[in-house]
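Input: structures, listed below.
Paired with subunit B in one complex and with subunit C in the other, subunit A is shared by the two complexes that follow.
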Partner chain A sequence: MQGTPLRRGSMAGSGGALPALTLVGLFFVVPVVALLLRSVTDPEPGLQNYAALFGSGTYVRVFLNTFLVAAVVTAVTIVVAFPVAWMLAIMPPALGSIVFGIIILSMWTNLLTRTYAWMVLLQRTGVINRTLMGLGIIHEPLPLINNLAGVTIGMVYIMLPFMILPLIGALRAIDPMTLRAAALCGASPFQAFGRILLPLSLPGIAAGGLMVFVMSLGYFVTPALLGGTSNMMLAEMIAQTVQSLLNWGLGSAAAFVLLIVTMALYALQLRMVGARRLAGGL
Partner chain B sequence: MTRPFLSIRAVRKTFGAFVAVHDVTIDVPKGEFLTFLGPSGSGKSTTLYAIAGFQDPTSGDVLLEDKSLLAVPSHKRNIGMVFQRYTLFPHLSVAENVAFPLRVRRRPDGEVKRKVADMLALVRLEKFADRYPGALSGGQQQRVALARALAYDPPILLMDEPLSALDKKLRQEIQAEIRRIHRETGVTILYVTHDQEEALHLSDRIALFKEGRIEQIGTGEDLYLRPASEFVAGFIGNSNFLPAEHLETESGAATVRLADGSIVKGVKATHALSRGQTARLMVRPEAFRLTPVSGNASLAVEIVDTAFFGDRRRVVARTGSGDEIDVRPSSDAAEPAGADAAASRRIFFDPAQAFLFPA
Partner chain C sequence: MKLILVGVLAGLLAATAAKADEMVFTSWGGTTQEAQTKSWAEPFTASSGIKVLQDGPTDYGKLKAMVDAKNVTWDVVDVEMDFAIKAAKDGLLEPIDFAAVPKGGLDPRFSNEHAVGSFYYSFVLAWNKGAVSGEPTSWADMFDTKKFPGKRTFYKWSAPGVIEIALLADGVPADKLYPLDLDRAFKKLDTIKSDIVWWGGGAESQQLIASGEAAFGQLWNGRVFALEKDGADVGVSWNQNLTAADVLVVPKGAKNKDGAMKFLAAATSPTGQAKFAEASGYAPINTKAKAEMPADVVKGLPDAHVDGQINLDMNYWAEHRDEIATRWYAWQTK
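Up next, the complex of A and B:
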């Protein structure tokens, strides 16, 4: 609601925004346009790069896998983040900010370090497998790395803060008394969750979910290190296409498709949730 | 003796060393409107929460028709409640809010529809069925909350200061609505408030809480006309307290000496006092007269201020010993020396309407 004057602001006052607009133009619009141009001109003018992209089973599979991984990561992140966000929302604020600080701190640790740490933990002879085997729970090491499970574990861990943050906002906006009222109305804790808490936190879930999904779509490091060759993701494929195959045109086309899909999702989200509620959830 | 409908037995609630509720015992007959009145922190809400199941009492028991409620979780107690804050579900329409308790009980659609219509008619909000809580005023929201709390015909309705967020005019309007709804449904209501006027207006009986205990329980008239303690007299209605010395008491009527040395006979003794014990004499503002009545005691005062309030006058008088007295004669009584406000004069009161409390 507070954003309205800005969004509807007339162009008359936009003179001060010129440096920012120049910056966005120079470093965002120009490269995107260059990318688009490259995808239809390299090696020769035409749509052959896009034809190759959608015509090849391999590339389509990479696309589908990218969406699958992003969807799984988003779903698991929501499930893991919800109880954490709820705990943080109802904690005394002082304690809550300490716990949240710890979560934020993990975001500041180098991404590569964290992903390598997961490699150590998840590999066949890693801590997790050895502990489980030592306890006699399993006899064969679990395949936790170089597959969907590994990518999911590694990426959920990285995405959690981006989900928790908007969720806390949505959950804090819910008066705990509302849940007491639901209980006295006869709602079991399960019903109170499904009928009251979950619908009321939907704006937060949608905001966080979109962010996680979109970030996951273009993620590179974690899938490259923890994933297997059979479930390659798009960013990894683009890197390979450009670096190993030196096929800039095809790489640009893939990158452009990813950008379009991402923006389409964002537009869809805005329509579904409404820009204001999304902003409010954040 | 029939068994009580709702029985609160020696309920005690402690938070660490602090005793919030001190062995409160009340029996509530079916259909009664009972108000827990008291200042904040007097234990009235804590007692209500024990009945709702939000706070387990440290000891004691709450029985509904002879069955203990304590082991029953909130959502199975089948109790209705209206809260101080607005607790409607913001993502559900008014009709869906009222339907909520029926839906979680998996009642058939037809019944839900009928009941929601009945309830919205009861609180006179039929036209608002499709609105969302955000589009309602505070008063309307509390009426929807009332409809929601009554939709499943709970045997008891708890109300925790439901009108405290509303302005005065709206409060009085909804008080009238609550009275009507209580009459029409016959539901047993336990009502918490710190507003004595609200308590007097609504209740069959009032339990006045002080520091976790019930100071007095009775009808509004009992508390107003026969206060058991200085606290009750001070909390219910307006009161003047005059320093006095107790001389003697005979069959409930005491004789006292006031600060100006005058002797007043026949005031109501509420406690056993010894001869010469210092005490406080309570006289209601409306018990004072500006003109002499035979058998009345009198006080020499100076008029400090007078004001006209339509149905009443308000006169501030000061005794020789410096105590300010609030006098509220009806407005058709003679004008008390309005022009020469500082004039000395006498004001009068019936000793039978004066209560003696230990100091």
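Up next, the complex of A and C:
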């Protein structure tokens, strides 16, 4: 991949991209600029919204919590997705596409429906707790909902396809002979994984991890329904600020800070992994 | 920036310019809005020829954005009373034209210059009979986890209700609730914080109680009424029931103001109010409505339970909304 002669960054022949650029400008750039302006003009010009934001213990706590949840979700998603992606990468293609179709199918189911399904499974009177209690394994219901555990389970489920997809790409690109060579040289399966498979699949992990992390930062429905108030995430807090307190200025400021932090993370990752490898992993 | 917004919105909405024979009513969806459509909108259209388009759910942020952008697509909106008082102060509402809306039977508690009552309701203590042994009889019982173990559910958002409940449970007399002692309320709430499951909407509160996921809760009386109608095994205590109201308002710059005022007249009429109360279990805001209602319906309404009833102070809340909300979310997210 590193030796690809094609210059992806080349601007040659970009004249035909004008309609696409207009679309991006109208629907992505304009709203972001409007958001920024609102945060420094509403209710009056100045930085008072940002002062209020960083001066508020609540917002700072919700910010930190948002990043904690996104990090936990990303880590768990990587661990769960890796074996699945590996299995799909080495499966016969015909069988692989069926299994992959099953995974993709979940993405086509309504998000709210899936979240409600998890509520039915996870709640104190839910399927999982009733079954475990019926079998006598536990006597008190496990706290699986309205807390970090609930949010993590619900969000990992939703994020899995976004992690599996880039991972398959990265894993398929690995020459199987390298693993055989490692075995021939006396490497244990564990060593082969840690020294060969894992490093070579890093671009895929990085690409998927970034996507999952960034998507998680802005999640609303799942944390609202499966989380508790002590792990409230930023999107819910912003909705509350705008809808109930009518404070568009503060809400915009919070949204803008989240956007900046997200972009900074993205830039950092580009620098660490390299844009081309990232794109290749996708 | 506002110019851009106005421009974009104007362009998008040019096709939906208001007509004189059409208006938009916005409410909270679910069983409440269904009852409003059946009891108010449909008879109103039949008698006036004005078509009522339904929209929702009510969103205060959206309402403000519409008024700010001077492109108001809602003509009548069902809002909570404390919001209406605040919104009127902020200049977001049209004054009510009492030449078009008869003031006669309107309960003065729920009407003012910029709002007429929609319905009024009580927060009551409800519980799942299968999950609770014994009968809780006061808000103090919701804070007694020894006598009444199990999860309890409260309204999630910063709004009149939970703070008052905590203070009542802590022994504050009903006539000494205001000004609210927030420190004392949060200290009391701390004692059961890990036993609280929050509900964000009416349907969620019903689901929590009906499934036994929460053993008890602070519920809107109309939602308990609907659970009972569905045959759920729920108990209800009206002791210390807390009244609050929804009101109907007309956003500033509404396109069909005349139609909106006519609609308000129909919605607040004795007949409109009687029909809605019968369908929803919420109380009428027109004092003449009861004469038109069956006796068994009247028995189940909040105003049949005035013993120990406490009126939540909407004016106090309108004035301290932001300050309480800041404390509320700081405590809740801790």
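Note that in this section the second predicted complex is superposed on the first by the 267 of 282 C-alpha atoms of A that agree within 3 Å, B and C clash if a C-alpha of one lies under 4 Å from a C-alpha of the other, contacts with A are read in each partner's own complex, and residues count from 1 in each chain.
Just so we're on the same page, a residue touches a chain if its C-beta (ideal position, glycine included) is under 8 Å from a C-beta of that chain, and two chains touch if they have at least 3 such contacts.
Predicted model only: the values in this text are computed from it and were never measured.
Novice: After the alignment on subunit A, I want to confirm one thing: do subunit B and subunit C clash, or do they fit together?
Specialist: Overlaying the two structures gives subunit B and subunit C room side by side.
Novice: Please name the chain, subunit B or subunit C, that touches the greater number of residues in subunit A.
Specialist: Partner touching more subunit A residues in the overlay: C.
Novice: Touching A:Ala183, do we find subunit B (first), subunit C (second), both, or neither?
Specialist: Touch status of A:Ala183: first partner only.
Novice: Which of the two partners, first being subunit B and second being subunit C, lies in contact with A:Ser106: first, second, both, or neither?
Specialist: Touch partners of A:Ser106: none, neither subunit B nor subunit C.
Novice: When the two structures are overlaid on chain A, which partner does A:Gln191 contact: first (subunit B), second (subunit C), both, or neither?
Specialist: A:Gln191 contacts subunit B only, not subunit C.
Novice: Look at A:Thr22 in the shared chain and tell me whether it touches subunit B only, subunit C only, both, or neither; answer first, second, both or neither.
Specialist: Neither subunit B nor subunit C is touched by A:Thr22.
Novice: Based on the superposed arrangement, let me know which partner A:Leu200 touches: subunit B (first), subunit C (second), both, or neither?
Specialist: In the superposed model, A:Leu200 contacts subunit B only, not subunit C.
Novice: Could you work out the angle between subunit B and subunit C as seen from subunit A, using CA centres and rounding to the nearest 10 degrees?
Specialist: One gets 160 degrees for this angle.
Novice: Touching A:Ser230 in the superposition: subunit B (first), subunit C (second), both, neither?
Specialist: The answer is second: A:Ser230 touches subunit C but not subunit B.
Novice: Could you grab the smallest C-alpha gap between subunit B and subunit C in the overlay, to the nearest Å?
Specialist: 45
Novice: For subunit A, which residues belong to both interfaces, subunit B and subunit C?
Specialist: The overlap between the subunit B and subunit C interfaces on subunit A is empty, containing no residue.
Novice: Of all residues in subunit C, which touch subunit A in the complex?
Specialist: Residues 1, 4-5, 59-62, 64-65, 90, 151, 156-158, 197-198, 200, 211-213, 321-322, 325-326, 329-330, 332-334.
Novice: Taking the touch rule as given, give the residues of subunit A at its contact with subunit B in the complex, in rising order.
Specialist: Touch list, subunit A to subunit B: 175, 177-178, 180-189, 191-192, 195-196, 199-200.
Novice: Which bits of subunit A are touching subunit C when the two form their complex?
Specialist: 30, 33-34, 37-38, 41, 56-58, 61-62, 65, 123-125, 146, 224, 228-230, 232, 237, 240, 242-248, 251
Novice: Quick check on the complex: what are the subunit B residues that touch subunit A?
Specialist: Residue list for subunit B touching subunit A: 52-54, 73-81, 83, 85, 87-91, 100-101, 103-105, 145, 148-149, 152.
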